[in-house]
Structure formats: C-alpha cells, structure tokens
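Both complexes shown next keep chain A, but they swap its partner, so chain B is in the first and chain C is in the second.
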Partner chain A sequence: MKSRIEVLGHGRKVVEYVFGLFTPIALGLSLLLFSILAPNFLSFANMMNILRQVSFVAVLSIGLCVVMINNDFDLSVAAIMGLSGAICSVMLKLDAPVFSAIVVSCIAGVFLGLINAFFTVSIGIISILSTLALSYMCSGIELTLLKGTWVPANAEIFIFLRDGNILGVPTPVMLVVIIFLVYLYFLERTKYGTYMYAIGGNMQAAIISGINVKLLRYVSFVVAGLSASIASFLFIARIGGSTPHGGELSLMDAFLANFVGQSVSRQRVYNVTGTLIGAIFAGILTNGFTLLGVHAFHMYLIKGVVIIVIVAISTRYKRGVI
Partner chain B sequence: MNALSVRNWAARIIAKETLFRYGLILAFIPMIALFGIARPVFLTPMNFLMLLRQVVVLSIMSLGMTIVVIGGGIDLSVGEALDFGAISSVAIMNSGAGFLVGLVGGLAFGGLVGVFNGMMIAGLGIFPFLATLMTIFISKSIQFMYSKGFQSVVLTKDIPSFSFLGNGYISFMPFPVLFLVFVVFVFFVIAYKTRFGRYIVACGSNIRAAWLAGIPAKQYVLLTYVLCSVTCALAGIVETSRIGLATPLQGGSYLYDVLGAVFMGTSISQTRRANIFGSVIGAIFFGIITNGMTLMAISPYMQLFVKGVSILLILAFAAAGKKMIGEKA
Partner chain C sequence: MAETVLKMTDIDKRFPGVHALKKAHLTVERGEVRGLVGENGAGKSTLIKILAGVESKDSGTVEFEGKILNNPSPKDISDLGITFIYQDQYFVPYFDIAQTLWLGSEPCSNFLGQINKRKMYQTCTKLLKETIDFEIDPKTLIKDLGVSERQMIEIARALRSKKVSLVVFDEPTAPLTEHEIQILFNTVKKLKEQKIAVIYISHRLEEIFQICDKVTILRDGENVGDLEVSSITPKEIVKLMVGKTLAEKYAKRKIDRGKTILHVRNLRNKSMASAISLDLHRGEILGLFGLVGAGKTELAEALFGVDHLEGGETIIDERLVDIRSPKQAIANGLAFLPEDRRTKGLILDMTLGENVTLANLKKFCRLGLISGRREKASASSMITALRIKASGPNQLTNLLSGGNQQKTIVARWLVSEAQVFIFDQPTAGIDVGAKREIYGLMENLSQEGAGIILISSELPEILGLSDRILVMYRGRIVAQLDPQKTDQHEILLFAMGGGAYEKSN
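Entry: the complex of A and B
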C-alpha cells in the first residue's frame, strides 16, 4: 500500500510541512516585524517586561491546559481569576491579614472548580456550557463585591510579586517556572498524567480500561480553578488591585496559548510546554502591537484571527486533509 | 382493573419522566406566586403586557438559536449579530434611506456574521463553540473601529413606520407582541413544514449519515447559522426601534438568556431536543425572572448571579432528562 504522501504527491508534502510549521513561522515573523517596526522591542528591559506581563496569563493557561488535555473546556478561568482577585482585594480593604485573604481566594478557586466539575462530570452538561454559566455567576459576584469600581490591593507581598527578584530572576517569572515544572512532572512523569492524555484521546476507551475518569476530570477542573486563583494574585499585583471585568482579555490569551501549544506538538495534543510557549507568544503579540500603538480592542481582532487560522490548520491536519 | 395496574398507573403519573418533562413549566407557578406576593404590581395586566413586550427581542433571538441547535451546532455570537443588525440599520436610515432599505440592510449585515460563522464551521471544520467565540471577539474589535470607542448611534430622523415596529399598539395589544406571534408562526413553518427543517434535523442527529443520504449537509449547516444571525439582526432592529438608538456591545448580555431559553425548551419535548415552542416558553420564563427581579429592586449585578445559577440548573435539568431517556447529553 502506498503511503499518503506518495498518493498526494510531492507538492502536497511541501504544503503539509509548511502548514505544520505555521506556528513557529508566525512566531518568527511577528518577532521580526516588531523588531523592525518598534525599535525598543528587542531591548532587554522590554523582554523582561514581556515575561512579567505574561506571567499571570501563563499560570492561567497552564491550568486551562490540564482541563483541555482531558478534552474538556473551561471558559470560566478568566472569571474565576477575576472573582478570586476581587475576594482578595476586598478582604485586604477590610483589613484582613494578607495570609487569610490569599487562603480564602485559593479556597474560592478550588470551590468554583469543584462546581464546574460537578456540573460537567457528574451531571453531564457539555463543559463549555456549564463553565459559561459559571463565568456568568462569577462576574455577578465579582461586580457585587467590587460595587462596580476599582478596589486597590496594597500589601508587601504583592509588591514583592510584582517587582521582586529571586536569585536574580523576577518573582513572577520564578513562580511561573515553578508551577510549570510541577505540572510538567505531574503530566509527563506520573501515571495520572498519562491517564489524562488517555482520557483526552478516547474517553470511552479510558473508562473501559479501568481508569478513574471521573476523579481525574474532577482533579483537572479543581487544578484549573486553583491555577486561576494563583494567576489572580499575579494579576492584582501587576495592576495594583481589582477592576471589574479585569480578566476578560486574558481568557482569549489563555485559549490562544493552548491552541498554539496544541499546534506545536507533533500529535496535535495539548501539552504544558507548548502552552507556555503559546502564552509567551500571546504576550509578544500584546506587547508588540501595543508598542506599535494598536488599541487593546483591536487585539481581539488580531488574536481572534490567529486562533482561527491555528485551529483550522490543526483540525485539517488531524483529519489528514493537509 | 386490579390493584396492581392501578398502582402502576399511579407510579407512571408521578414517574420521574413526567416530572422532568413538566418540571420547568411547573417552576413557573411558585415563581409567579413569589413575585406576585412580594410585589402585587407584578400581577397587573399592564405589567403582563409590558413583560410580553420585553420578551419579544429575547424570544426572536431564541428562535434563531433553536434552528442552530437543531442543526447540531451552537452560536455564541447571537448578541453580536444583534449589534450588527441594530447599528447598521440605524446607520443606513440615518444616511437617508427609508424604513424598508434600513430593515433589509440591517438583516444583510447581521447575516454576514452568520456567513462568517458558517464558513468557519462548515468550511474550515472548526468546532462551533470556538468559532463563534472568536466571532464575538472579532466583532467587538470591528464595532470599536466603527463606533470610535463605543458611542451609541442615535437615529436622527423620524420614521413613523420604524418606530411603530417597536412602540406601536393595535387596540390594546403592543405591535411587537403581534409581530412575535408572526415570527413564531414563520419559524414553525420553517422548522416543521419545509424540507429545510427536516434536513437540518437530520444534520443535527448525524451529519455523516445525512451526507451519505444525499443531503448537502455542509451547506445546510451554514444556512442554519445564516438564518440564526439574520433572526438576531431582526431582534436588534426591533429593539432599536423601541429605544431609538443602537449601542455597540448591547447584545452580548442576551447570550446567556438565549442559551437558557433554548435549553429550557428542550425539556418539554419528548426527545429532549430544541424546539420552537419550548424556546418561546423558555424566553418568557427568563422575561418573568428579569421583570420580577427588577420589580423587587435586586441590583443588576445580583441579577447576573441569579441568572447564572438558574441557567446552570436548567442545563443540569436538561442533561439529566436526556440521560434518563438514554441519550448522550
């Protein structure tokens, strides 16, 4: 039997190769474009700036990645991030100790993840719809807590999270690296990680082979919720407090990061390493276009088109059309 | 009739299936009673007519979404199609055109959203959730570009036939309510009496089987998205004619209500599928919730929360109902 490439011919092989490399090419092109058009883009200060800016998106999207590996979706991560940030800021405003504010926010993230998991796994709602409804609830509570205005969060630890250094590395970057390594170990080096890839590949097969699918899906939603809480600390440290609907743009960044992560893997599966690259890619796009003077709302258009192209190529690639 | 069969019969009456099928309809009663006791004005005929007028936009949008859900997809960008329809119709009428041109132009611009969705979903094979989510983001950017920072587009001319669409009365009945009845009738015909309606049910059940049976499945799926967006643009035009101006991003908040209405509607059909009348009932349900909560002076932020909870419960209800008749949710 002839292989697919032989049947399709040599021209198709080149097309397949180029489309398979779409994401690295896009990344390289955008780097080239920005470094030519925006003179400050390639400076060391700006690179560090990108890494700091991207830290909360990275944590958020790595958490989302764990859910997406299971072939579930979580549209509520940005809303959970907004809500747990709001809880933290409001508690700090009410003179609660910093430690308790952080713990309560983390508990809120875990709890919201549990709600997501309950309605998706136990009840059986499509994950996109249940998490969408939860994001609606979260923004309702968030707006009620913030009373629709800006609430500052002043604490030593947040200033450290924003400006500090650990061993010469900026604190947010260090935090991202630690979280990334933990998730990487869990997903690539333990049997539970392998189980999760199995669930994402074929859930029915995973159930039949005796994997505790329900438990793992619960765990992944809870992990996503907790990661959103941790991201919220980086977020309120970065902007100095909570603002209503502050996390909206980062939902798109988190999804962009995950789809980029999917497209750079050869088997077209979601993976944390790719997601981290994707988060940096999203940060480069945001930073570069901001330096060029593009308004934040046009970022929606640019990133939306990038996501559509990447997903369209991945979909075709998986089907073997390209 | 022996004792056993009586018991069986009684068991069937209170069987879970019956409860699940009519549970949401029954939920109307305590809700209306609650609002009626808390705010007696809720039960007046005047408020009832106002409530009906309020749900017109939501109902029309839910009808469009119903068609998409029947076709096996979902459209998260209904609110954006509404914005496109509303803004473009006002802009066209402001530039000197008449009511009819504005209407057709608005519908056409709304339809563009559907064409974009349909091409992504049927053409490129992106799954509907993601494709329509991206449409939301992209259209935000486009609206920002057009409106120069989300300024409202005000209708500067006085067009009587246009304002009659949203504000008119025929004796005591508000015209939009009669218009809604007409639209429901049209959708009933489209969904149940035409070839299109049958085909999209086939596409929604099993698109591959539909394609093998000779239905041009992709084209029909694309058409469902176009129809949905045109319908939402129509809803946007009705809303605009009522308030006289079109605000960018006004439609986004309808999405959750529309989803809730359509999935609530699935529970009253025997096969737990989206259906026309169910969606209208669901839309009225959400109209009652909004109206009642506003009368009880609950803050809009808390209304968001309450609606989120109710949508989650409705979705859970629909999923449990589907599970019971042995279908995958």
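Entry: the complex of A and C
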C-alpha cells in the first residue's frame, strides 16, 4: 500500500503542506494585521487582557475537548456554564454561603454531564441531538432562575478570581494553566487518555481491546459538565454576575478553539494543547476586532466564517483530497 | 509423536432449511499448518464460527488441549489461547505500533495510570523481534502501514497478551499483494517454529500447497478428505470439493446471439489488479465466476461507474460512452443489481412503487412534482409483468420476500429502460422456488434482447444459465469457457488458481 503522498506526487505535496499549515498561518496573519491596524494591540497590558478575557472560554473549551476526543459532541457546554453561573448568582442573592453556592453549581455541572452521558451512551441518541436538547433545557431553567434579568454575584472570591494574582500571574490565567496541565497529564500521559483517543479513533478496536468504552464516555461528558461549571465562576467573576443568554457566544468560541486545535495537530485529532491555542486565537479575534471598532454583532459572522473554513480544510485534508 | 491441539469430532449443525455441518471433524496438531478448503457454503465458516464460540453446535465435541469445551463464549476461547486473524481489521489509524500493541494493557508507572513509555517502546521492539521476527520502528503510525504489516501487528498483539496455541487465518491473503503474501507466509512459518498450531482457510490452491502440511476438505458440510498435502494434486483437491453428483441442471433454452451490446477494453481502476476486457452480446447471459476476493464485484462496480476509472473504453450499442458515475451508467442503459439488495439495492422504508420509479423519476414528473397516479400505474403493470407477490404498489418493500425484493429492483431497471443488466449474486439468500423465478426472469430479459452479466460463486447456477463463462482469479479474468464443454471441476480449478499452477508444474 502506497502512502497518500506518494500517490499524489510532488506538486500535491506542496499544496498539502501549505494547507496543513493553514491554521498557524491564519493565526500569524491575524496577529500581524491587528498589530499594524491597532497600535495598542501588542502592548503587554492588552495581551494580559486577552488572556483574562479568554480564561473562561479556555476552561470551557478544554472540557469540551475531552468529549470531542471520544468522537462525541457536546453542544450543551455553554448552556451548562450559563445555568451553573445562574445557580451560583441566585444562591448568593438569597444569602447562601459562597462555598455552598460554588459546590451546588459544580454538582449541577456534574449532574448535567451525567444526563448527557445517559442519553448519548446508554440510550444511544447521537450526541449532537442529546446535547442540543439538554442545552435548551438548561437555558430554560437559567432564564427561570434569573427571571429574565441581570443578577449580580457579589463575593470576595469573585473579585479575587477576576483581579487577583497568584505568584504574580493573574488568577484566571493561573487557574487555566493548572486545569490545562491536569487535563494534559491525563490525556497524554496516562492510559485513560490513550483509551479515549482509541475510542475516538476506532470504537470497535477499543471494545475488542477490553476497554470500558461506556464508562470512559460517561466520564468525558461529566468532565465537560464540571469544566463548564468551573468556567462559569470565571465568567460571572468577569462580568460581575449572571445575565440571561450570557454564555451564548462562548459555545461558538469553544468549538472554534477545538477545531483550531484539531487543525494544528499533525494527525488531525483533537488535543488540549491545540484547543488552548485555539481559545487564545478566539480571544485574539474578539479583542483585535473590538479594538478596530468592529461591532459585536459582526463577531458572529466573522467567527462563523473562520469555523467553516478551518473545518472545511481539515475535512478535505483528512480525506486526502488536498 | 505429535501432540493434538484441537480435535473437533462429529460436529452437527442445522440452520433453518440447511444442514450446514454433517458430522464434520477437524484435527490439528502442535506445530502443524492445517489447510481448510471447500466451496462457498461447504461449511467452513460455520465450523470456524463454532470453534470461535460465535455459533453453537447441535451435537459433537470440541476438544482443546485435552479438555472438552462446553459451549464456550468468545472470551473463553480467547483465554484458552485460540486467536483468529480476520480480513476485517480493527485499528486506531493514528496510533503508533507500540500503542496498538499494548492497547488495553499498558505498562503503568503509578496509581494515576501514567504510561511507562520507555518500557512500552522497548518491549515492543523486543516482542516484535521474538514473536514474528519483524523489525520496524515502534513509533510508525498504523495508517502508514500496509495491510500485511497490520496483520503482523495483529498477530503480535495476539501473541503478546497471552499464551497462544492455535491461530486461525480466515482468507488472510485476499487483500494482499504478492510480496505481502510472502511476508505473511514467513510469519506463519515463525508460528510453526514456535510449535503453534495454525488453521489456514483459503480459496487459493497454490497457497495451500506452499504452506500447509495437511488439508481438510469439506463438501456440503461433510468431510471428504483429510490428506497430506505432499500426497495430493490440485486437481484431486478440486475433485473432492465438487464431488461427482452434479446438481440438477436448469432448463436451458437456445438463444440467438445478437449484436455486441457491451464492449469493454482495458478497463482499469484502483481496486482491480489488472485491466479487464470483455464483450457482451444481445440475448446473451455471460457468467462471471470467481471465489470470494476474486474481484467480481469490483469489476461490476467499475463497469457501473461506482469507482473512479483510471482508463479503458466502454462501447455500448456501438457508441463510445464515458461512464464516470452510476448516473451516467443508468443514462447509457446499464443496470446493476447489487449482491446485498437489502442495503445497497432497495430503500426498504419506501413502497414498492417508489422503489420501482426511483432510477427514472423524471419520467413520472410533471412540473417537478411526482405524479402518484402514473407511478402507481407503472408499478402495477410491473407487478403483473414480473409476477411480484405484493399487495400492491403501496406495499413497503421491507415486507417483501427476498425473491420479490429482487424482482422489484429488476422492475426499477425495466422502468429506466436498461439494456445491460449486471446481476451480482442474484440468488444469495433466496429459497429454491424464488431462485427458479429469478432464473426465468433473466431468461426472459435476454430473450427480449437485453445483455446480462451474471456474477455468481455458485457453480450449478453459472453452468446452468450462462451462454459463456468467464472465470476470475485474483482480479484477473483467467479463462473463458463454453458451458457445454466444461464442467464444475475445470471452472473451480481455474477459479482457485489451479490452471496456472498445473501449467507451471
């Protein structure tokens, strides 16, 4: 069996190489563009600002990444984040202790992840549908809890989460780094990570190798749900409370981050490192276009285009067409 | 004295309507390579499935290393050290060799399950060297390996996890190239040196003679020979496989061979081993015989434009046509009746009427809307003409019997005014009565001037129906035979590569 490159010949090889590097090139070009057009863009303060801005998207995205590695989808992560944040804000408003508000929100994230897993893994609904349905349920509960209006979340810990420093590093950035390293360790260094990649690559192969596929898929949905809860604390800390539909645009950012992550890996597989890069890329787009005075409405359009282009190239690349 | 590893005795198995195994037996000794041959339907797969614990036997005993096995599960069998190498391979394409080899039992260095990569890669190299004498960088990705290399990894994986005393190869060489087959044979020899018993199922006589010590021949579920390979010739094997009794012949009518309707020259594509040329005349039934993996279906799909063509020309009715897609094939009067009619031929959730008009819907449309009335009228006339047993055009096709499903597909092609019909295993899984009806249908089609290519691996069917027979072996047409002058032995000998083998010896 010949390798694809041999069959394609030399000319194709160059094209393939360039398209393989599409995402890094796009990333470089957007950095260049913003630094020329927006003078403040490259300043240290703005860079730190971007990292703070993306912190909650980053946590959300790498949680989603664990599900994506299994070759499942989770369209509910942003809605889980919104609901979990709303639970926390409303409990604080009702004078519940901060600690219990945070714990209850986390339990909600885990529980919602379990629901996703139950309908996807045990009932057998395709994950796109089951998680989409859950996403609507979460939004419904969120709106009910918030009664359709803004609920502030005032607690010391959220101020620390937003403005504080740990060892000179902004708290949200530190939190992202810690979570990222834990996920990276489990996915890339332990057998459980290998099993998840096996499930995503060929579920039948994983099953006949005696891997507990069901359990691991359950775990991944729960991890995504819990990550969404953690992201929600960063989110409400950042905007000072919960607002209806507050987390909506983050869903697109989280998928953008994962698709970028997939497209920068050599084997075109989802991975947390790439996803983290992707989350920062999403933040750079938001920040850069905002500095250029592009209206927030247009961000939907721009990011939608970026997603479709990256996914189109990855898809063709994987099929060996480019 | 050699030690017996596996002893299957008096294995009996009945399926509804079929007596698949009649007191069949199979014995393998340690360090022996045992060939298992037989025609399609002779009971090889059933016997192997019983061994694998996938099917249960009705009676008989299976004795493995001196212990009698009672309805073992596939897992029990695997734990006992019996391993099966199938054609279908389950791999994670972006894993490397070491990851694949260790998948499910990685060496870990702490309680968190951290993988000890150094150990994993070192032992991988050692393991490949010791078990199958294969040297390769363990960091090579599975997707960059050839099929035979993947087979070797699979064998190594089986040998790693446990003590293996029996390896069963089921048609392992079908997807392999000549060079890859030699690699596989070397691996089999390595297994033999380690005193591991091997069962080797193949349709290719030359392979049996190259690597097997003994051969077990099955016919209609019965043992017809257990012989030393050195004491037998390919001709004798084929003779035993076919037996003396010719199955009842089908009523054969005389046809008037018309003009050439299909003329194919040097057709080439990726999935075929060599360029193919053939002619088909009006009113002719051209039988295409070959065993599993011979490339019959690939040829049919190439003719029908399913696979990308790489060259060659097709002339239909004296017109040079360019067929690059099934759509173009249909437009040029070709019809393809795939082997698996339930998944590839019919849309089971649609009614008979909808299925019949599917390939030529334009004919039933007015202003882009389907005229239900015309559709029904056309389907009703087909039901009468082909004697389809159905309640009417509105019957769902998944409720029809196999034979009537086949007729529905034929009706579809008649509606689309096809001239050349390619039947791929048209009677697979159809009962005897329905078979007769389908044969009658094919005869009627040819009498009306259509050309028919009948792809089949059933010898009596090919002999009884065809006006001319082409035999395929490993992607090539190796013989053209006249059904009046040939017999089952000759056809099978060619189909098993015995023709060339006889000549070269």
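In this text, the second predicted complex is superposed on the first by the 314 of 322 C-alpha atoms of A that agree within 3 Å, B and C clash if a C-alpha of one lies under 4 Å from a C-alpha of the other, contacts with A are read in each partner's own complex, and residues count from 1 in each chain.
In this text, contacts are C-beta pairs under 8 Å (C-beta built on N, C-alpha and C of every residue); 3 or more make two chains touch, one makes a residue touch a chain.
Treat the numbers as computed from the prediction; the structure is a model and nothing was measured.
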Based on the superposed arrangement, let me know which partner A:292 touches: chain B (first), chain C (second), both, or neither? neither
Is A:205 contacted by the first partner chain B, the second partner chain C, both or neither? second
Let me test your reading of the model: by the given contact rule, A:124 touches which partner, first (chain B), second (chain C), both or neither? first
Looking at the overlay, does A:267 come into contact with chain B only (first), chain C only (second), both, or neither? second
First (chain B), second (chain C), both or neither touched by A:148: first
Check whether A:36 is in contact with chain B, with chain C, with both or with neither, and answer first, second, both or neither. neither
Figure out whether A:303 sits in contact with chain B (first) or chain C (second), or with both, or with neither. first
Per residue count on chain A, the busier partner among chain B and chain C is B
For A:192, is the partner it touches chain B (first), chain C (second), both, or none of the two (neither)? second
Per the touch rule above, chain C residues touching chain A in the complex are 90-95, 99, 103-106, 108, 112-115, 141, 144-147
Can you check the complex and tell me which residues of chain A touch chain C? 1, 3, 185-186, 189-192, 194-195, 197-198, 201-202, 204-206, 208-211, 267-269
In their shared complex, at which residues does chain A touch chain B? 73, 75, 119, 123-126, 128-130, 132-141, 143-144, 148, 252, 255, 295, 297-301, 303-305, 307-308, 311-312, 315-316, 319
Would you mind writing out the residues of chain B in touch with chain A in their complex? 74, 76, 120, 124-127, 129-131, 133-135, 137-138, 140-142, 144-145, 256, 259, 263, 299, 301-309, 311-312, 315-316, 318-320, 322-323, 329
